[in-house]
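Here the structure comes first, spelled out in structure tokens, and everything after it is commentary.
Every chain is named by a letter (A, B, C, D and E) in the order it is written, and numbering of its residues begins at 1.
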Amino acid sequence: MDALNLIAAVQALQPDAKVREQTDQPTLIVPAHALVALARQLRDDPTLRFDLLETHTAVDWLDEDRFELLYLLASVPLGHHLTLSVSIDRDEPVVPTLCEVYPIAQWLEREVYDMFGILYDNHPDLRRLFLEDDWVGFPLRKDYEDDFMLERPE
Amino acid sequence: MGVITDKLPGVLEPVPGGSVLLTAVDQLINWSRSNSLWPLTFGTSCCAIEVMMATGAARHDLARFGAEVARPSPRQADLLVIAGTIVKRMAPRLRTLYEQMAEPRYVMATGSCAICGGPFMYHSYTTVRGADEIIPVDVYVPGCPPRPEAFFYGLLTLQKMIKEGESIRHPGERRRPVLAALPEGMTLDDIRKEMQDLLSHDANVNMAAAVAEGARYSSELKDF
Amino acid sequence: MSVHVSTLQARISGESTASSPLSTEEYFVNMGPQHPSTHGVLRLVLRLDGETVREVVPVLGYIHRGIEKMGEHGNYRQFVHLVDRMDYLSALANNWAVTMVVEKAAKMETTERIQAIRTLVCELQRIQSHLLWWGVFGMDLGGFTPFFYGLREREQICDIFEKTIGARLTMNYIQPGGVMFDIHPEFVKDVKAFISYLKPKLVEYDALVTDNVIIQERIRGIGKLSAERAIALGATGPVLRASGVAHDLRKSEPYGVYSQLDFDVPVGKDGDCWDRYWVRMEEMRQSVRMIEQLIDNIPEGKTFMVKPAAKIKVPAGVHYSHLETARGILGVLLVSDGKEAPYRIHCRTPNFNNLWCIGEMATGGRMGDLVAMLSSIDIVVPDIDR
Amino acid sequence: MPADSVPMPGESIETPTVVAPPEKHVGVGGAMTGAVPWIDKAGVVGGVFRGIRSLFSGMGVTVGYLMRPSTVVTQEYPENRETLKLPDRFRAQLAFNHDDKGYHKCTMCRICEEACPNVSIIITGREKPAVSKKELDSFVWRLDSCTFCNTCVIVCPFGVLRFDGTFESSVYDRRLLSYTLNRYAGPVASVLEKMEDPEARKAAMDPRDPYSGAAVIAALIEKQKATKVSQRAAREAARAARIAAKAAAAAAPATPPEAKDVG
Amino acid sequence: MSWQVKSIAERTGDLLPGSPWTAVLYVLLTILAVTAFVTVAGLVLIYAERKIAAHFQCRVGPMRVGWHGVLQSIADAIKLLMKEDIVPRDADALLHILAPVLSFAGMLLVMIALPMSPTVQVSDMNIGVLYVTAVSGLGVLGILLGGWSSNNKWSLLGAMRAGAQIISYEVSATLALLVVVLFAGTLQLSGIVQSQETGWWIWRAHGCGIVAFAIFLIAGTAEINRTPFDLAEGESELTAGFHTEYSGLRFSFFFLSEFLNMFVLAAMASTLFFGGWMPLHIGHFAGFNGIMDLLPPGLWFTLKTTAMIFLIMWFRWTFPRLRVDQLMRLEWKILLPIGFVNLFVSAACVVTGFYFFAQ
């Protein structure tokens, strides 16, 4: 009931948002171009107050040829959660950055760039976070190949 | 993969042309080196808690071995304890640290990660599978992480190696990378024999006889 | 130094530092990856003006092992043992986080006894972690003795864990469907003995460190972090609470048996190092309170609900759950495609976010302050890098 | 947290009972941080005396331990080897449960090998089709890579494996860290009693055969290389198929965008 | 009871006209003895520090090298002696080599002036206090040179901290010394000791002595770079401070001089404020004084110095470190004003003769 209310409240802000199935938290599929505006509204709306970007990561759906970006938002004063899901093309992985809304997104997005190669538009400092700058490939992509990596023998 | 180019560490070598006096001096120096192993404060992950902190703390007290003088600068340290996972990005730094240390320097690999990559052996794109691919390792202390007593046993093993094998004229010569695969032209029997030679230096017990006797009993018991 | 420092240099070249005839020069120092006070292999690039810190840029990746990639190639049980190595000082909480998301997604049943045991050992490990932090905090501020006292008490908890769990640090104890062993018959007795041992020691800690005038002078008013900035930077756990936000998942979204326990949430005022110090010291006392309430009331029941060799399959979809470790919120995001291995598993680790507060805090402070701040955040580097 | 326990938007969660830090200011009134001009600070004299007293109380704690040698908690390991008793559950060494005649119950079902997170157990053996049984050749356990997670022990349906607390395993050569566990752990007690030399008895009881594991691991490495080659070939085939499919899809009329959402 | 005070230098001077070769032999023996004393005292101090620290921390300390680890320091010394000695490629080699020698020499030169008993004092200069103050400042030169020549930023930071710290605290330490010089009316160290025949300055000066002693102890601890003032080598901040790049023998010079400086500080504190080798006397209370005289003066000196050393170790193993600006503030805003006031008050005391057992 509450989750439904939450979803209704967010859909009032962004009518394009669709509910993502198969999740255990209220999750909305948002078009990439509407992401920043929606996030800002979610943060500033006094009834929603999603002030904490709990985490941000990506999923590589290789078979469907797309990346799914997940933004897990939480509200510290109100204690509710919302996940935003953004799907982008695998060949052209560009999304707008959330740095201006959530400062921590700067490093979370650097991590996702490091692991998946997703490019964030307007990111102030888009560098690799964990790997060396001259690393070839993006390890968490499903088609990543590495001569160094050992497969488990079976 | 790797090749063993040298003998196992810890084997006593006769010193060519060495005199009695020099041998005594050698022994004194080896004694002092083995009893004054100042570790470098270096730890990468979980093993650092057990091997660098818990051993130094009151319950186990590394100071009993004279090794509590943890030096933060590699120049003054004698012992590099590789406590934790070494990843590709850290590998050149580890090499630098090792090169910055002054001879004689000893290396202990503690925990599965430092020995062979441990839990991160498969499907990890960064973990170096064994610190001995980067720097020569003297003593391996297995465990994940090894309990402090296991570390002390490793330290005793290292002390034994220094007392028996190290010579001031050949600092660091015997320590080469040893990898998992067997080298060409070397059979398991060779290793067995070397190890038995090593064990037979233990003056108190006739280990060779003991091992032989044990083997005889085992073969008898196979008929059960 | 590669790219990071060159960008930094480009940034300062615009500023004019020589305003007086006696001009000074800013310089860069690499703190780490091997440095005694970075607690592992963290590297901080410092821009210093004499002793004053102008800018701190953390450089990560010196212990990035790709745990998330490895998780995609093993089953759920195998992933549990990997997260032990993430935040090894709260290994049990890490196990529990993975277990929680798997149990929630696969709709596995647990008993009250399992939950009570999990809560109990996690609180014990929270004390253990804070004890270690207390010792290391003292050592980072230059006093060696707290380290030895803190670890002396920690060993007692290690003994309890060794008896019940069989390991000292990396436990792999909390499994999907239960706990690996039932508690040892002497567990209750040992824990009670330890609690009565610890209480006077906490008073002694106050005499040795908390009330010490040098400590007070060094950590009061240092490294302030306002509540708004703390939330914006995603800080959680004691760092967030020290900034005055009473956010504790054990209260707001109780898991385990926390809803039945009576405890307070320590909250700081200014968000300085002293508040963080005090919050952790008080958390130890609150954990003692929780253990005292729980230790005599462990319900009876089974401790393992599924066969250990049984294969676990999680229905397809996105699952997320989180809990409060000694350092903050640890969340596990599990994307499943219905197979035995997760399709994608991501850990939201507390230290990752907490570390970035150092850039905010340390600017304008001294070198010595930086060490105190770094220590007051209580980072575990493998948890950041994963 | 289940979705239906999310509070209503706008509804505040229950505020937890909080504890706030004490007001009592210990210290010399900011005299040393320079936050406050120390002369102006009221009660600075009291602050200074409290500060000095705090130094002495700290010194009292440390000297209290110095004066009481009974508070020394050190366990001197190599000296206390005989009396050191580890808890039963402590995990340091995998071992087979042999009965006193030297038999074990391993049926080579390979459940432990599959459950092991990083292939620290390598089982080699032969099929015996005649009796529809398998014969265990060697059960190699790699101490160097073992993470002591206890999974193999709890999954074993026959209770063959156990962990014991023998932690003294340091070596000079990491090849020596692989043991063949199915060798008989030791002679029966009656035979052991006949052995007078305690060292020989100890050697005979040593359950570990440190050398034969290395060959198995060498074979494993070869196997790994082969696996890598074959898996790479499979991956490349999949990739080529994907590229071909994509080209075909591009040639075909564009699919509606709803198809991209996860069903 | 009057003490026959005669230093080794004076005795050599007596020998010189009669038998010059004996005098030369005497000098050589003295050099040998000082060297041996420095080495042995250093090793003993290191061992004592490790043992005492261990017992402060509920541990046992070195146990396995010799009985209760008594040979531990010897093993360390031999190891350091035989360790490779690295001069970094980009270091200033000459200064890098010179620095530890300077640091060690400063400590060694102070050792010459210390009155350990009426007859054990190498040279009894009439400007002893001035000499000690001047020569002990040589150590900071070694530290500065070592830090600068290492071509390492941590070393440089450590050296700069040490330089600022030692030079600042030198002022307070000297002010505290001057109080005793005022009361004793002499700069000669043996004279200062003899002036305490009717009682130690710590209690005879109506509190001025206690204040001066506290200042001297704090400033002295700061001068020898020990916790809570070990900023120059605070390992949690500066890796290893000024000696980051030193290894082997040269590092052991720094290491040894750090410990022997502690001895020098303790000896100076006991000489100035606790009467040095002078037994505990209370005025002209002959009975009591006679009982106290039964212990030889050398033993008194040893006991007092040991107590001082223990106090300094106790500080180290209890207190955390100060921050660099707090350190400076403590010196210039707290210790220095108090020191000046104390000096004026004691000057007034001396002028009016307002102290116990004034002449």
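As a convention for this text, a residue touches a chain if its C-beta (ideal position, glycine included) is under 8 Å from a C-beta of that chain, and two chains touch if they have at least 3 such contacts.
The structure presented is a predicted model; accordingly, all values stated were derived computationally and were not measured.
*Asks:* Please report the minimal path length, in steps, between subunit C and subunit D on the chain touch graph.
*Replies:* 1
*Asks:* Going by the contact rule set out at the top, which chains touch both subunit A and subunit C?
*Replies:* Of all the chains present, those in contact with both subunit A and subunit C are B, D.
*Asks:* Report the chain whose CA-based centre is farthest from the CA-based centre of subunit D.
*Replies:* Of all chains, E has its centre farthest from that of subunit D.
*Asks:* Contact counts by the stated rule: is the higher one at A-B or A-D?
*Replies:* Between the chain pairs A-B and A-D, A-D carries more contacts.
*Asks:* Taking CA centroids for every chain, report which one is farthest away from subunit B.
*Replies:* Comparing chain centres, A lies farthest from subunit B.
*Asks:* Express in whole angstrom the distance between the two chain centres, defined as the mean CA positions of subunit B and subunit E.
*Replies:* 42
*Asks:* Measuring from the mean C-alpha position of subunit B to the mean C-alpha position of subunit D, what distance in angstrom results?
*Replies:* The computed centroid separation for subunit B versus subunit D comes out at 21 Å.
*Asks:* Let me have the rounded angstrom distance from the C-alpha centre of subunit D over to the C-alpha centre of subunit E, please.
*Replies:* 51
*Asks:* From the C-alpha centre of subunit B to that of subunit C, how far is it in Å?
*Replies:* 33
*Asks:* In subunit A, which residues are in touch with two or more of the other chains?
*Replies:* Within subunit A, the residues that touch at least two other chains are 20-22, 24-25, 79, 131-132, 139, 144, 150-152.
*Asks:* Among the residues of subunit E, which ones contact at least 2 other chains?
*Replies:* Each of 56-60, 63-64, 235, 239, 317-319, 322, 325-326 in subunit E touches at least two other chains.
*Asks:* List, in ascending order, every residue of subunit D touching at least 2 other chains.
*Replies:* Counting only residues that touch two or more other chains, subunit D contributes 1-2, 5, 13, 32-33, 55, 58, 61-62, 72-74, 76, 78, 90, 117-119, 147-148.
*Asks:* Can you list every touching chain pair?
*Replies:* Between chains, contact exists in these pairs: A-B, A-C, A-D, B-C, B-D, B-E, C-D, C-E, D-E.
*Asks:* Once bound in the complex, which stretches of subunit B touch subunit A?
*Replies:* 88-89, 121-126, 129
*Asks:* Which positions of subunit C touch subunit E when the two form their complex?
*Replies:* Residues of subunit C touching subunit E: 27, 29, 35-37, 51, 138-145, 148-149, 152, 208-209, 212, 214-215, 217-218, 366-369, 371.
*Asks:* Under the stated contact criterion, what part of subunit C meets subunit D in this complex?
*Replies:* Counting only subunit C, the residues touching subunit D are 74, 77-78, 81-82, 84, 104, 145, 152, 155, 159, 162-167, 170, 172, 180-181, 184, 204, 207-209, 211-214, 216-217, 220-221, 246, 248, 251-253, 255, 264-269, 274-275, 278-279, 282, 286, 308-309, 321.
*Asks:* Quick check: in the complex, which residue numbers of subunit C touch subunit A?
*Replies:* Going through subunit C, the ones touching subunit A are 2-4, 7, 60-61, 64, 66, 68-69, 73-74, 104-105, 231-234, 240, 245, 247, 252-253, 315-320, 322, 329, 331, 333, 335, 343-344, 346, 348, 352-353, 356, 385.
*Asks:* Can you tell me which positions in subunit D touch subunit A when the two form their complex?
*Replies:* Residues in contact with subunit A: 1-13, 118-119, 220, 223-224, 227-228, 231-232, 235, 239, 242, 246, 260-263.
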